[in-house]
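Next, two complexes with subunit A in common: one pairs it with subunit B, the other with subunit C.
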Partner chain A sequence: MTGSRRNNKKRFLHVFLLVLPLLLFVISLGIGSYQVSPRDLVRTFFSTISPSSYPDIPPVYRDVLFRIRLPRLLLAMAVGAALSVAGASLQALFKNPLVNEYILGISSGSAFGAALSLVFLGRSFPPQAAAFLFAILAVLAVLLVAGRGESTSLISLLLTGVIVSAFFSALLSLVEFFASPYVLQALFFWLMGSLSLAGWKDLAISLPLVGVGLAILLLYRWRMNVLSMSDEEAKALGVNVRRGKILVIFMATLVTASSTAVVGIIGWVGLIVPHLVRLMMGADNRLVIPLSAATGASFLLVADGITRVVSPLEIPIGIFTSIIGIPLFIVLLKKAKRVWL
Partner chain B sequence: MSIRIEDLTFGYKNFLLRVDKLGFLSGRITSIVGPNGAGKTTLLKCIGAILPIKKGMLFIDGKDIALLKSHERARLISYVPQEHGSAFNYLVLDFVLMGRAAYVPLFSVPSKEDVHIAEEALEFVGLGNFAERTYAELSSGERRLVLIARALAQQSDILLLDEPTTFLDPKHERGILDLVRKLALEKEKTILFTLHNLEMAIQYSDDMVFMKGGEVAASGKAAEVFQEPLLEAVYEMEMKVIEWNGRKIVLR
Partner chain C sequence: MKARKKVLKLMVMAAVVACFLAIRAAGSSSAQKLTLRDNLGRAVEVPSRAGRILSLQPEITRIIVALGAGDRLVGLDYFLRRDDHLFKIIYPEQARLPVVSKPDDSVNKEAIAALSPDVIFASPSELLVPDSIQRALSIPVVALSSQGSFGRLLEEIDFVGRVTGLEARAKELVDYFLENMTAVVRTTSSVPSKERPKVYLAFWSSLVRTPVSYEPVNAAGGDNVAAGLLPSFTGSPGTVVTIEQILKWDPDIILVHGNFLPRERQVTVQQVLADKRLSSVKAVRKGQVFYTFGYWYWWDPAQVAVETLYLAKIFHPERFNAIDLEAAGNIIFEKFYGQAGLFSKLCEVLAFHDWIKKKQ
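== the complex of A and B ==
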């Protein structure tokens, strides 16, 4: 009885979480400093198909919709999904719900890589390549220093993550030192995490990379349940643990680096979103992974909407997510203390 | 399925496991006993190929285990670890379903058939009504049963259990061992387990292996090897075996 009621509630939540990002996407199209009514937005959309039928739509509406809002919202959704799924996957892999891409040095590694690429190779060279390379280096460094063994405790991961992040921050400062004042200013905003710089050109590279990585992690979702057991158990259950680890770390790093290369560091999403999803739906990664993708997309759409509405200056979204994420992390850390430290 | 060990060695920093020749017969229950640090669990993990083994050390029905892929091996041998907590609070059914990992394709999820097998395994260990509960809310004894159900869902002929009864009260200890016996009789499993309780070991096993200092001290039919001099030598203390109603009791 109670079981079936619980299942009904779960089914409803499941559908709701999946539909939510689409709903928010449509709403967000109407939000921004340039006021366009929902009706006009719909008509703007159709006016691209047959411009002659909608003579009253000013061309600036098309610019707002297609050159500014659409890429921005698509990017918000892709990045939200990418960071959340990466977070959930790494948490399963490290058998610890507090691990995230920030702690593992993936964020700082990819930020350094992208900055390096922007300053020395210019804006025409895609920064995703260097971002991925250095993100992988960072996470390997963390794993190597923290010890790859079964007993890798959260505290040693945290400490190593701090050290590796500090190292890449120092390297980043060095890059900034060599950057011209004009590039430096752009770098500065980008590092705080911002969706406002995005255009179709950035999307054209990052979206496919994020798409491929997400698809693979999604397909692999049930195996992550098994990988979240101890390595010995996973092995006894017939999983090739080494291959599983390499696959998940590579894909999680790929989607995070592809995101970071375009929007900068938007931290803590990978911690907040999977945690919320697990609270609602339980621990099974068959649900947690796809719903983290959907909820992550929703989360960034909302966060982006708020930052655009609250102030005309647009607070960088990375600051916003950190202000929510860090207190939550502290609460979880307190709760988890007896288990993992 | 029968297990054959030949010149098996495995070393940690201050410990070396060495087994020259040892066999386990199909469909029988074997208990591995010995003092702490004798290498019981290490031996069990080597047989399960959880610890790295080299070619030519371990054969199942003549097949070299070291040459098998992970999922091929897991279809032959399953391993029940000691009770543990998990960072993630899975539903009991999801937990047991993990036993199907060796059958589910790499980029896929368990089928209806897999779910059915997991439910049957839960039913077999007597937890048919527990599917929708979470692992964290279970008692210690119930968790052991869930771990056994997971190994059962693996549908292997060989079942290894690492101290399946530690920390359990006498009633639950007996419950688990009765279940182990039922698995051997009804499902014709070849079963190996490590145990500290000698009286339970002699009562529930067909064969016994005594270990000491990383080596096999004695092995054979339980009734034949279970003798006072051997016990005293293995545990390095005075022991007395008395018989009561056909059962062996160890005084120490």
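== the complex of A and C ==
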């Protein structure tokens, strides 16, 4: 294949990956247990602009479209983009392909927070708020324990992340021990990760935080290539390494924690999606970060679409992110025969 | 058509009774010992009149108390001590009993050995526990649970009656339970199918978790919209559905699992009524969203009998209007547990008084 044909193919892939979430979003609007024809969906959409022109649209169509599917799909896109960009950014920062968005204790911190709320605090302190708070606390604990000096190594951050995760997992087990079996069921449901209860309120809580975090990480993508070099090289290129590391860690934490708080723990997205993008497009973070956002959004839309199509039951989305993502990853890995980072 | 429905209902009731009698006949007995097959298919040899009983299965512990053998209990499951508001009402003496199990399904075998029970009851959902205890302590362990079935509940009462040597009392309770159910079903079976409300149950602390089978709803003359779906949790009739599916079913009535203390309820009637996603659902539009008791480690026989009456009143007020639910509840609880005013106490604990009065 000539260089120009390869470049054309890449350019096409680039555009395709960016447009794909929009296509999937439109298709997903037509998917669900409640059957509404595409024509009626369009009419329902316009009926909000001019209700008198569409008097025959049943109110339930509006509920399905505007109160169930739209917030759910927008949340799926936001969470998919957030987890993927967080994973890609942390992989670049830690120069480690095995790093995922939960590596600094976010998942165990938020799981503990949700458990604490469900088991002891009742409705006075919602699990979403507690999950967010403890996810942030877990990462702060990692930073504090790993040290704040110039010499803070990435390895010590990673190790501390593992330790803090283990600590919060132990606390989670302790809370589970005191939970009544019925509250425990609610907790397991939350831990499995689900978009089933997504509403505008969840979107209003998470979207501003995800938006800010994603925007900053996207703007910072140019520096991530430099941060993925050795500290000495990065410094030689005029980058403030410590500030860069802290910024990336905080923003990745912000987007992951605000996603996890509303949908629970959805695994594999932040590990698989950035690798898929690298395998297709190369390791340049200027491309990897935005394309991870788009591919992550598409990935979660597809996984969510499958959960809504296969049966009237709500199968946790985390199961499908693994079922779809892992075979896809293996195929691409075999095809590319190498992993970029 | 009507006659056919009636015959069908009576056949279902007859099948429940026949199933119960057949299972009763399946156990063989000698003078001292009974050999019984438990829910895990294990043949267990148990004493015919156990003097010291340990129950790790809350439903059975309540049955033991109902049989009048509460004084033979030597220990308790953690759930009854810590989480079960009902048991503390029907058996305040529980405070004297040591707790021998933990929430992770593990049991303190040394503590059990010290209590030296003649027989132990355990839950079949904790698969490894029965054999593990029986092997370690050589004490017969019976795994038994109704798993939400009325037929199995009756079977359990009979089973525990034989193990305790209180067959006559067990028969009295079974007959009383059947009498109450039959009285409700006799009325609801004459309800034309189009007048039977479609009922959705939001159970286990979630709007989207629902039982695929809930016999009190059927007995009370309603149809569970999730009936026939596959359960998604092993050993449980529960499944998880989408909100769109609830809209598609468009239930006439939504029932919220109310068997929690008010502060522990993750889903409330008010939340469901205020949920805009459900605003087009008939039950929400018409304000037909209510608490019901729901499973509480399966059944309490007295509570589920009252619950069936309560649901019948909600589903068919014109047919059950004359029933004073609280008075009827107190009579049923007294029959099972021998004390007056127990149902009123339960209503107070669960803050059910207000909405029960609204229904009367």
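Simple rule for what comes next: the second predicted complex is superposed on the first by the 255 of 341 C-alpha atoms of A that agree within 3 Å, B and C clash if a C-alpha of one lies under 4 Å from a C-alpha of the other, contacts with A are read in each partner's own complex, and residues count from 1 in each chain.
Following the convention adopted for this analysis, a residue touches a chain if its C-beta (ideal position, glycine included) is under 8 Å from a C-beta of that chain, and two chains touch if they have at least 3 such contacts.
Model, not experiment: these values are computed from the prediction.
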Exercise. Should A:Phe46 be classified as contacting the first partner (subunit B), the second (subunit C), both, or neither?
Worked result: neither
For this session: Give one of first, second, both or neither to describe whether A:Phe16 is in contact with subunit B, with subunit C, with both, or with none.
Result: neither
Exercise. With the two structures laid over each other on chain A, which partner does A:Arg221 touch: subunit B (first), subunit C (second), both, or neither?
Worked result: first
Exercise. Is A:Phe125 touching the first partner subunit B, the second partner subunit C, both, or neither of them?
Worked result: neither
Exercise. Which positions of subunit B touch subunit A when the two form their complex?
Worked result: 45, 48-50, 69-71, 73-75, 77-79, 81, 84-91, 94, 97-99, 101-102, 104, 106-110, 132, 134, 150, 154
Seminar exercise, completed: Residue positions on subunit C within touch of subunit A in the complex are 79, 82-83, 102-104, 204-209, 229-230, 232, 239-245, 247-248, 250, 257, 260, 263-266, 276-280, 297
Problem set entry | Complex contacts: residues of subunit A adjacent to subunit C | 32-35, 58-60, 62-64, 67-69, 118, 122-123, 176-186, 189, 196-197, 199, 308, 312-315
Exercise. Which residues, counting only subunit A, touch subunit B once they are in their complex?
Worked result: 3, 6, 92, 95-97, 216, 219-223, 225-226, 228-230, 232-240, 278, 282-284, 286, 339-340
